[in-house]
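Labels A, B, C and D are assigned to the chains in the order they are written; within every chain, residues are numbered from 1.
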Amino acid sequence: MMNLSPIVASLLVVILPFLAFLIQAMLGRRSQQGTISLLAILLSCLISATMVFPKIWNQDTQHQALTWFSIGTKDFQIGFLLNNLTSLMQLIVCLVALPVHIYSRAYMKGDPGIHRYWMYLSLFCFAMLLLTMADNLLLMYIAWELVGFASYLLIGFWFHKESAVQANKKAFIINRIGDLGFLLGIASLYSIYGTLNLVDLFGEHGFLNTVPPDSSGWMTFAGCCFFLGAMAKSAQFPLHVWLPDAMEGPTSVSSLIHAATMVAAGVFLLSTVFPLFNTTVLLIIAIIGCITAFIAAYFALAQQDIKRILAFSTISQLGFMMVAIGIGAWDAAMFHLVTHAFFKCLLFLAAGAIIHEMAHLKAKHQLDFDPQDIHNMGGLRKYMPKTFILMAIASLALAGFPLTSGFLSKDAILINALEWGMQQGGLWLLIPIALIIVSFMTAFYIGRLMFKVFFGKLRINVENPGIHEAPGQMLGPMVFLGICSLFVVFSLNPLSYQQAFVLKGFEFDRDYTELHILHTVVPLLMSIGSILIWIWAYRWYAQGEAGGSFDKLRMTESKLRMTFPLLQLSLNQGYLNEFYQKAFVNSTVQFSNGLYWFDRHIIDGLVNLAGSLVRAISRISAWTDRYIVDGLVNTIAGSTYYLGHLLRWVQNGRLQNYLGFAFTVLLIGIIYLIFK
Amino acid sequence: MITLTHFLVVSACLFCIGLYAVLAKRNAIMILVGIEFIINAAILNLVAFGRYDKINYGGQVFALFAIVLAAAAVAVGLAIILNVYRKYKSINPDNITDLRD
Amino acid sequence: MELVLFYAFAVLAIGSALLVVSLKNTARALFLFFVVLFGMAGLFLFALADFVAITQIMVYVGGVLILMIFAFMLSNKELLADLQNTSSRFLSMPNWQSLLLTLGFLAVMIYGIIEWQQHTPNWITQNIHKGQVILPSDNNINQLGIKFMTHYLLPFEVISIFLLMALIGAAHLSRKEDKQ
Amino acid sequence: MGLLSLLIFLPLLAVLAILVLPNRSNGSFKYISLAATLIQFGLSGYLYANFQPSESAFNAVSAYQYVEQMPWIRMQLGSLGTLEIDYFLGVDGFSLPLLVLSAFVMLMAIGASWRIEKSKKGYFALLMLLNTAVMGIFCALDFFLFYVFYEVMLLPLYFLIGIWGGARREYAAIKFFIYTLFGSVFMLLVIVGLYFSVQNPNTGAHTFNMLYMMDPTNYVPGSFFEALGNSQEILGIPARMVGFIVLFVAFAIKIPIVPLHTWLPDAHVEAPTPVSIILAGILLKIGGYGVIRICLGIFPDAAVDANWWLGLIGIISILYGAFNALAQTDLKRLIAYSSVSHMGFVLLGIASLTAEGISGAVFQMLSHGFLSAALFFLVGVLYDRVHDRYIYNFRGLASLMPKYTAYVAIAFFASLGLPGFSAFIGEAFVIIGTFNAESLSTGIPRWMAIFGSLGILLSAAYFLWTLQRMFFGETRLKGGETWANSLTDLSVREQIILFPTLALALLLGVMPSLVFGVLNQSVLSLLNLVNPYL
């Protein structure tokens, strides 16, 4: 193969999906197979894996930039920065996007708008890859918004579905809040340091703290702004509400954008600008992350929609990553990001396959049920064994079982958090403890999902349900992701996360001391706890009273909810949507209506009042004018008029009269001359 | 002895009659006739004064010119009257008031 | 005798002219106009302008009057009206404004003539002294011819062109318009 | 005759041609206008391509290019000295991009008036007259000449709205006219005041030359607007501040700012589509241009004192316009209010007195010129088809008119500041510049940037709401089948107009250096003029 420099290669990596986007946009309906997009991402993937990542990872950092434009005396550049962080992120995006593309070919087959699907997907890949490699914050912001835009398009892909367009509107607007944060963060950095270039700010390696930690209020502000950006994109509490709704998009999209890549961009951003954060900001990040992890896990407990469970689990895991950043272990966050990308993507793809089959079942028997509701499933293990195995691997990874990648990364975060908490002491220990609880909750809800979907028996009572294994085109990518969810990909030692190559790439000095004891206790505790919870969940859902028929299950669940209002709260996502609707949306709408009323009636009213006032004054003056001033004038004018009328009679068009007048005047003139 | 004054008085009378015709007649042809009277009055003056200019014969020469002019004027005037008649079916100047405001 | 004849001609001319303007019937008035012109020609003779008198009769009587009568007849509606008018009043009522104006002019002119009599222009007295006045014995026609061809050649040519133009113009004006 | 004169008076030739041609050939008027404007656009493009940024001071003639200067009116006024009015044209980095924008928007407007039926002769003649006036405004460097063009512009607009407008056109036209006249009459007073305060250093005569007005040394000592050590006051306000405020109000009405904006929604709603395009695309920019060139150029000292208030007004306009847009049910009115909001960014950027802010403001003007013109055109497309603009009467248009929806979506997203489109660069740099103002201590606090950025959020809200409400979902129309039949997708002509517009917005968003390259030196020299007073 050709030997391209990593910069040129990554330029290709970025450009190829963009070209695919352009070509697909031009071809429109003529290209439905998505071959172009697939080819582009395949090439990108190959280039990234062979020519960028091996040359950059643990080797020289490369940076190249061109002047884009200049304002005043400042130059703004456009360029790529390739270091461990960015090349890793680039590779991950490619590696996740490729299976999703292949999967989509089968999953989206026959959709009337599929040409748009491929177009949007390529656009997303382009923007996401650009985001990973941008060397300055402005370019990053551009890519940041573009991924949001692509996500908007893909959530609203089925635009005639009212819920989908509501969801994409919500997603974009909430992301906009984050974008504003990002923008203000950029503005503060610009006004503090006078540059937006990451190399100028942080040095070539991107994670050296070359910037003197400035603890002034504006640094805190800048940090909070960046975190706000990450909060919206990575769905952190309280801006997480868009992500569950975003599940209205095609499942393949959810797997790529709303599980693996885009939502992780916030974590990536925070890792990139990590040196900027002072302790205040870091604490805020940790606290928010912890709350998010907990609340999302809690909401996931009672959800009935398979995709929503996964969505909340994504939010929860993102919260984990945020905590890792907040405690300063951003390497662990990145590690978890990478592992999570694979297994969460796999979970979604598998869920997609299940939904696909359920939808088939629904269409075939013309039944009316929600194909995404886990209450309608059950016993699918028999029909879809391969999917079951793959999903089980992913679930175990999510729950943090040994031998999976999730075990490594989750332990990394938990152990770091515990070490940090012990260092800080006091109430701060609540954060690692909360994380441990969340881990158990994670194990529970994913276990619930697995057992409800795959065990027991199908709750839709039909003869010969006709559910079968997903086709190879869907299964293949899932197998690939399943392999990537195992420990071997990241570390040869299945039990020690410190051996993971990802973490080795990001070595830096921590602020807290390492406690060796934790490295053995925590994994052990977590594994045992998770297994116990799974057994309990299995007994409860697969064998116990909840394992029965659909009606029975529904009854039990509703009875449960009646007895435990907390469950009701969980199902309704804490009524946060309703609260936002009332508190923000409605009040904004009412405020704007009020303002419009103000505009119409007060401001415009004032203008019109001024107009009427002037008219009233002019009416008075017109009256004065007509009857007083004009009276006088009219007298004069009237007399002039009659005089004029008299003269007008002269102009009667009779030539003889004219002549007569001429002669009269002549005569008078002569007489005057005579008598002078 | 016929003095210059005699001629002048006669021509003044004729001029005034012509003027009256021009001003008062309700027939375009009669107006033309009035104009002829005025011209004739002028010719009479020319001729009368011409007696005292033997060197140039100015009076008589210009009298002749004036006759020619009068003839031309009549020709053109009549042509105009004919056209007016064609257009308005009348040669009464009172009926032709296009110049009115 | 000379003076009597002069007065006779003057009365003839002025009287006829008065009649011309007073008559209601245009046809008659036009014939009376002929009489006025005759009278005027006579008066020209008294001013020793025999050639002018001849021309007057030839041009006016032979040309102008005929033209006028033709024109009058062509405007046949007026002719009818005039023929009908014969039965009513013979003389038209004078228009008082015009009459007043005219009399005013007459008064002014008579006044002017009287004023003028007091001081005769210099050139007249000079010419009388030098004897350069036209005498009844002079050969006027001969002299006129010479003057036309020498001293007044340019005005003569101009006036002929002008006459030509006027005639062409008259012919053009009076032609029948094409119906579109 | 220089190129700028040609640029200005070419449409006037078209006016003559249109007036001379008989009504019979009224089909040719649009071609004449199109040809004139096309040439104009080409010419302005040529000027743009050959522009060489110069580092001269803002008030030096050498900072301007394609300069044409010749005496226009020289009159001895007895004891008042010579009246010196020049025909003085020239362009710099501020006016040149706007010149190109105007020519382009004019092209769009002519394209949009392709199907005008009512009294074509008058319509196109007025349009071309407006074209002349607009070009003149951007080129004039003599204040008197500027004012002449400024007033000439009013007349055709008044008639275009008042005759070819919608149901309440007379009301809207008169409102527009009186509003603008209100500002410009006071402007005239200041112009006269400036005239008597400024002397041409070469001839000693009073002058209307703007460049002389920008140089404090040219002011007559003791005169009303004396630049150095002025102690004149009106009602306790320094004289130069009064001059600044009056000029600012005159231009602010055009921008428009809250609370002087109420003419805009009415004028936009009632005006025919092409006039809306011109109003939004060019007219509003005259306000911003005037503030930069005249308010800042001639009264930099007052501008420095007043910029806090300017920024506040900018913020209020941004938020107020955005909230009002959120409450609209008429699509055109929504876009009109969004214009108020977007033009607030211009004012905020100018008030920041930073290179980033002012560049961002000018960029935002350009971007808004293209995008709002495109938006109004798109509304016009819908209105042409069913004569309705009420948002609630439409739903699910995407299935009926996919191309139209695509264009609308692109235009909406471009307007709400999606990166890659020009509005993003404008808004982002206004925010960055405003934020940066505190570190340069120009007197604009950072919270203004924060509040300003809320406008970006709100713009997303109202545009997305409209998109969702009108275009997505199941197709449901108020007019039922008849509407569905008449709602045909975009015609070729409409696409020919829309595509370049959005392409330009995209191009400027991707390559902002196209504008910044021309603009940058001018911004720097303007800041050099202002900075001594900070």
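One rule holds for everything that comes next: contacts are C-beta pairs under 8 Å (C-beta built on N, C-alpha and C of every residue); 3 or more make two chains touch, one makes a residue touch a chain.
By chain, with names taken from UniProt: B = NADH-quinone oxidoreductase subunit K.
Computed from a prediction, not measured in an experiment: that's the story for all the values here.
*Asks:* Taking the mean of each chain's Cα atoms, which chain ends up nearest the overall Cα mean?
*Replies:* D
*Asks:* Distance-wise, how many Å sit between the C-alpha centres of chain C and chain D, to the nearest whole number?
*Replies:* Roughly 80 Å, centre to centre.
*Asks:* Centre to centre, by mean C-alpha position, how many angstrom separate chain A and chain D?
*Replies:* Roughly 35 Å separates the two chain centres.
*Asks:* Between chain B and chain D, what is the gap in Å from one C-alpha centre to the other?
*Replies:* Distance between chain centres, rounded to whole Å: 74 Å.
*Asks:* Between chain B and chain C, tell me the centre distance in angstrom, where each centre is the average of that chain's C-alpha atoms.
*Replies:* 6
*Asks:* Got the chain C residues that touch at least 2 other chains?
*Replies:* 97-98, 101, 105
*Asks:* At least two partner chains per residue is the criterion; list those residues in chain D.
*Replies:* Correct list: empty.
*Asks:* Provide the list of chain A residues touching at least two other chains, using ranges where the numbers run on.
*Replies:* 660, 663
*Asks:* Output every touching chain pair, sorted by label.
*Replies:* Touch list across chains, by label: A-B, A-C, A-D, B-C.
*Asks:* List the residues on chain B that touch chain C in their complex, please.
*Replies:* Answer in residue numbers: 1-2, 4-10, 12-21, 23-25, 27, 29-30, 32-34, 36-37, 40, 43-44, 47-57, 59-61, 63-65, 67-76, 78-83, 85-86, 89-92.
*Asks:* Spell out the part of chain D that touches chain A in their complex, as residue ranges.
*Replies:* Chain D reaches chain A through residues 175, 178, 258-259, 262, 320, 323-328, 354-356, 359-360, 396, 398-399, 413, 418-420, 424, 428-429, 431-432, 434-436, 438-439, 446, 449-450, 453-454, 456-457, 460-461, 464-465, 467-468, 471-475, 511-513, 516-517, 520, 523-524, 527.
*Asks:* Write out the stretch or stretches of chain A touching chain D in their complex.
*Replies:* Its residues touching chain D are 68-74, 138, 141-143, 145-146, 149, 156, 159-162, 164-166, 168-169, 172-173, 176-177, 179-180, 183-184, 186-188, 190-192, 218, 588-589, 591-593, 595-596, 599, 603-604, 606-607, 611.
*Asks:* Would you tell me which residues of chain A are touching chain C in their complex?
*Replies:* Result: residues 660, 663-664, 667, 670-671, 674 of chain A touch chain C.
*Asks:* In their shared complex, at which residues does chain B touch chain A?
*Replies:* Within the complex, chain B touches chain A at residues 19, 22-24, 31, 93-94, 96-101.
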